[in-house]
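Dropping the structures in below, format is structure tokens.
Each of the next two complexes has subunit A plus one more chain, namely subunit B in the first and subunit C in the second.
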Partner chain A sequence: MEIKQTALAGTLESSDIQIMLSKGTDGVSIELESDVEKQFGDQIRLVITETLHQFELDNVKVKAIDKGALDCVIKARTIAAAQRALQTQDQPAWEVF
Partner chain B sequence: MKNNVDRELPEDLMSSLNYQPYETTEIGNPEIQRVAPVVRAQTGDDKLVDSIEDVVKATVKDGMTISFHHHFRNGDFVFNKVMRVIIDAGIKDLTLAPSSLTGVMNDMVVEAIKAGTVTNITSSGMRGSLGDFVSHGNLKNPVIFRSHGNRARAIEHGDIKIDVAFLGVPNADKLGNANGMEGKAVFGSLGYALMDAQYANKVVLLTDNLMPYPNTPASIKQTQVDYVVEVDQVGDPEKIGSGATRFTKDPKELKIAETVNNVITHSPYFKDGFSFQTGSGGAALAVTRYLRQSMLDNQIKASFALGGITKPTTDMLKEGLIDRVMDVQDFDKGAADSMHTDPRQQEIDASWYADPDNKGAMVDQLDVVILSALEIDTKFNVNVMTGSDGVIRGAIGGHQDAATAKLTIISAPLVRGRIATVVPDVTTVVTPGDSIDVLVTEYGIAINPKRTDLIDALGHIAGVPVFTIEELQKLAASKVGNAKPLEFTDRTVAMIEYRDGTIIDAVKEVKD
Partner chain C sequence: MDNEIVDLHLRDRHERKQWESFLTDLGITDFSTQETAAIDFTLGIYEGDRLVATGSAAGNVLKYIAVCNKDTTNGARFNAIVSALINRLFQQQIFHLFVFTKLKYSDSFQHVGFHELAHSDVAALLETGDEGIDDYLQAIPRVADQDTKQVAGIVMNANPFTKGHRYLVETAAKANDVVYVFVVNTDASLFTTAERFELVQAGTADLDNVIVVNGGDYMVSFATFPAYFLPTADQQVTYQTTLDARIFRERIAPALNITARYLGTEPLSRTTGIYNQVLTKELPPAVNVTIVDRKQTDTGTFITATAVRKAIAEDQLDSLADLLPVSTVTFIKDHLSTLRARIQKGMNINGN
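For the complex of A and B:
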């Protein structure tokens, strides 16, 4: 699937993550900023990538600013950003949850 | 080489610095020969010096050990003024031995290291850009971290031999009689600086408030002081303390504080004449509030409160709920003012407070202490020095010292953001699990299995679930996931002394 518009979900509050998706050309590329990069960077990237794959988004640029979010939060923010980017937010993708 | 908390210690440094590995929290009864400073006799008529430049020129030479106190905390102007002059004078190879380093000093210390002015540091702690700088291997020699009580011990032993102490004070007369209570930038107790005043070969006072002679009450005495320098401002009163004390509204902190209070009041130590120490910070202040109510309800009074003092503690002194406050430093203006007006609030030096090699320190008489933790592991070992990324960002303070109390409570949230506080192994052991008795989190408590006597007293408090510490560690991991282990190089950037001067752990350079 192709991204229709650049989209954002999440805040910069503690324990949240802000995810911005925009059109990409070369697979899923993630620019991650996180205080827990050393310990959880790989895990955060994995959750974002897996969630995007469920939307069949294969070419997408991700900018993620993490403030110590748990996996469930990262997944929720990625889903919200993806649906906004695909302009399908009126039809929740239940199968992804 | 491993010590008794199972930490691998760097053999080369252990031998070149002549260190023994940590063995036990028991100090025993060693006999100690203390050192004494070199005194240059004078009548005292010529102590006033016009400028910092002149006094630095007269006192500081390459390779010396210089010291400062950190009672001005982030409002300190003295450290940067003096270090500026020392760096500009081209002096090299100094050992910096302050009671601690606060954020406002960071940039200057980094500059001094880069210039070769400072090549060794011993401190209670460091944070921010300086901690980052050191953790990335930018200081050639390892930093030696010591608790406040251990610094006093090291000075008395001669492990730290201070050549020149630069001590900022809010008032002094021309011979050097000074205290921390009057003037513009007041901080109350001079507790940590009193060691330097007593043991440094040269003592330089810096003040912005020259008083008529003789100035009393004199915490630092003219018999100890070599030079007095008048400067325009010693500190920013707004940044010395936390100002008006605010109580936390964070429900997690309140829950922890309430549980800490439950643990105290159900312990055998909660009886008339008990003693306690709390720190600063939201949860500790909230504990004081709950404890006050419990003391009123049960008509129990404390014989003394100890350590770093805050206004809620001095309010209890005024109320008659505490009989004496033994004050090594004041965290806010309310506490500092109270020391000035209330003779029951006694200024104590770091040795009296917490020195293990003493004829009796206050911490040895302490019943209950509440301490914090960046991490605590399943052996109850506590880390207050390195952050979750392995970088130095903390201070021992009085942690190891006060943990000798009869009931040592660690209050900490189970997780902070995505970082678990309760872990299988702490990154850096600062305080050994042997001196920790109870961990309080927002989910419940864990009692050190060595304290079988406490399990009966604390095992059945309504609303306070009891876990093993392994259960709490697993609960934390189930929330945040498994963290990838931190990576370090082989290079040692800091050695952590236990309060008896043995080595409890080493901090390695972080790999980025």
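For the complex of A and C:
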């Protein structure tokens, strides 16, 4: 699936993550900015990628600015951004949770 | 209400005063009308009655960001105010943002996902959003084996495209394998961006080695060089043009193998005059600057787009043939009533 518009979810505050999705050309590409990139970078990327796969988003550019978010927060923000990008906010994606 | 993000209404005298005195305490003191009038909205955070953080947006540029870090984790309020600004702009479908800040704050913005485009000794310009300068550069058409070619660049507003612009492009086209003509993207001129672009294309269509591209947000745009569009003090112009020149030198020129930039002499506009001086100082040795004498008509007057706009306003269309290529003359005759209407509506025709 292709995204319909650029979308954003989350904030830059402590323990949160800001996820921005925009049209991509080359699979799922993730640009991650995080103070704990060295320790948790791979895990953060994994959570984002898996969540996007559940929405069947294959071509998408992700910009993620992490401020120490837990996995559940990363997942929630990614879901919100994906649904905004697909303009399906009004249809909760139960199967993804 | 503590630490909640609220809208500040700068038209409200009390809030305006509070906002100004908070910024003044933190060293921001320029509240001239042309700076503040461009602000679309302003957000703030209060601690009790005390303003402790604020930030504004003008179009896609973040402005007047100031934060007091007393009694709080360093950076917490900064991150809160910046994310609130970004969220608000995204709701308005503005997905590509800039901030022009003091050099020492560049790191703080990079920490919240901004990328630095260029910096000078005093200031830095950063961007964030769904598309960056790399995407812009990638989308520009290239020729085969561009790495081995002699490539030149020209940046012009072309409001509208005159014989003077044509002469500049021709001069560059004769001396180089490829010439990029970057047309200023900001829509703040009598001729719209689409019209200016079309007229540059039409006026250079016979030159095979000329590629006309939109200058995007990176060349003499409202973000990089607001003084081009607004009357501004000389020192400010120098700050802004230094950044504009460095973006060209460090980002644009290397990506396209541009090693020469052509400028026209500027006898009339002071701002453009300073711009030319700064480019001459900043671009070499990476990019050579060639200044071409401004073309004159057969009777010895300088060809300027300003004179063309004046002729349109004063209905002296006969004089245009001396100043403009046929394609531009035809366009003006076909769209005369639209152009006049824009002038009557108050479009400034004396600036750039």
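Basically, the second predicted complex is superposed on the first by the 97 of 97 C-alpha atoms of A that agree within 3 Å, B and C clash if a C-alpha of one lies under 4 Å from a C-alpha of the other, contacts with A are read in each partner's own complex, and residues count from 1 in each chain.
Convention: a contact is a pair of C-beta atoms (placed from the backbone, for glycine too) under 8 Å apart; a residue touches a chain by one contact, two chains touch by 3 or more.
This is a predicted model, so every value here is computed, not measured.
Engineer: Quick check on the subunit A-based superposition: subunit B and subunit C, clash or fit?
Structural biologist: Fit: subunit B and subunit C sit side by side once superposed on subunit A.
Engineer: Touch check for A:89: first (subunit B), second (subunit C), both, or neither?
Structural biologist: Neither partner.
Engineer: Who does A:15 touch here: subunit B (first), subunit C (second), both, or neither?
Structural biologist: first
Engineer: What is the contact status of A:71 with respect to subunit B (first) and subunit C (second): first, second, both, or neither?
Structural biologist: first
Engineer: Counting only touches as set out at the top, which of subunit B and subunit C does A:6 meet: first, second, both, neither?
Structural biologist: In the superposition, A:6 contacts subunit C only.
Engineer: Determine, under the contact definition given at the top, whether A:38 touches first (subunit B), second (subunit C), both, or neither.
Structural biologist: After superposition on chain A, A:38 lies in contact with subunit B alone.
Engineer: Between subunit B and subunit C, whom does A:63 touch in the aligned arrangement: first, second, both, or neither?
Structural biologist: Once the two structures are laid over each other on A, A:63 reaches subunit C alone.
Engineer: Would you give the minimum C-alpha distance from subunit B to subunit C, in Å, for the three-chain superposition?
Structural biologist: Scanning every C-alpha pair, the shortest subunit B to subunit C distance is 7 Å.
Engineer: Starting from the residues of subunit A touching subunit B, keep only those that also touch subunit C in the other complex, and list them.
Structural biologist: 14, 67
Engineer: How about subunit C: which of its residues touch subunit A in the complex?
Structural biologist: For this pair, the touching residues of subunit C are 73, 76, 79-80, 82-84, 86-87, 90, 93, 95, 111-113, 128-131.
Engineer: Which bits of subunit A are touching subunit C when the two form their complex?
Structural biologist: 5-8, 11-14, 18, 20, 22-23, 33, 61, 63, 65, 67
Engineer: In their complex, what parts of subunit B are in touch with subunit A?
Structural biologist: Contacts found on subunit B: 388-390, 416-419, 479-481, 483-484, 486-487.
Engineer: Give every residue of subunit A touching subunit B within the complex, in rising order.
Structural biologist: 14-15, 35-36, 38-43, 67-71
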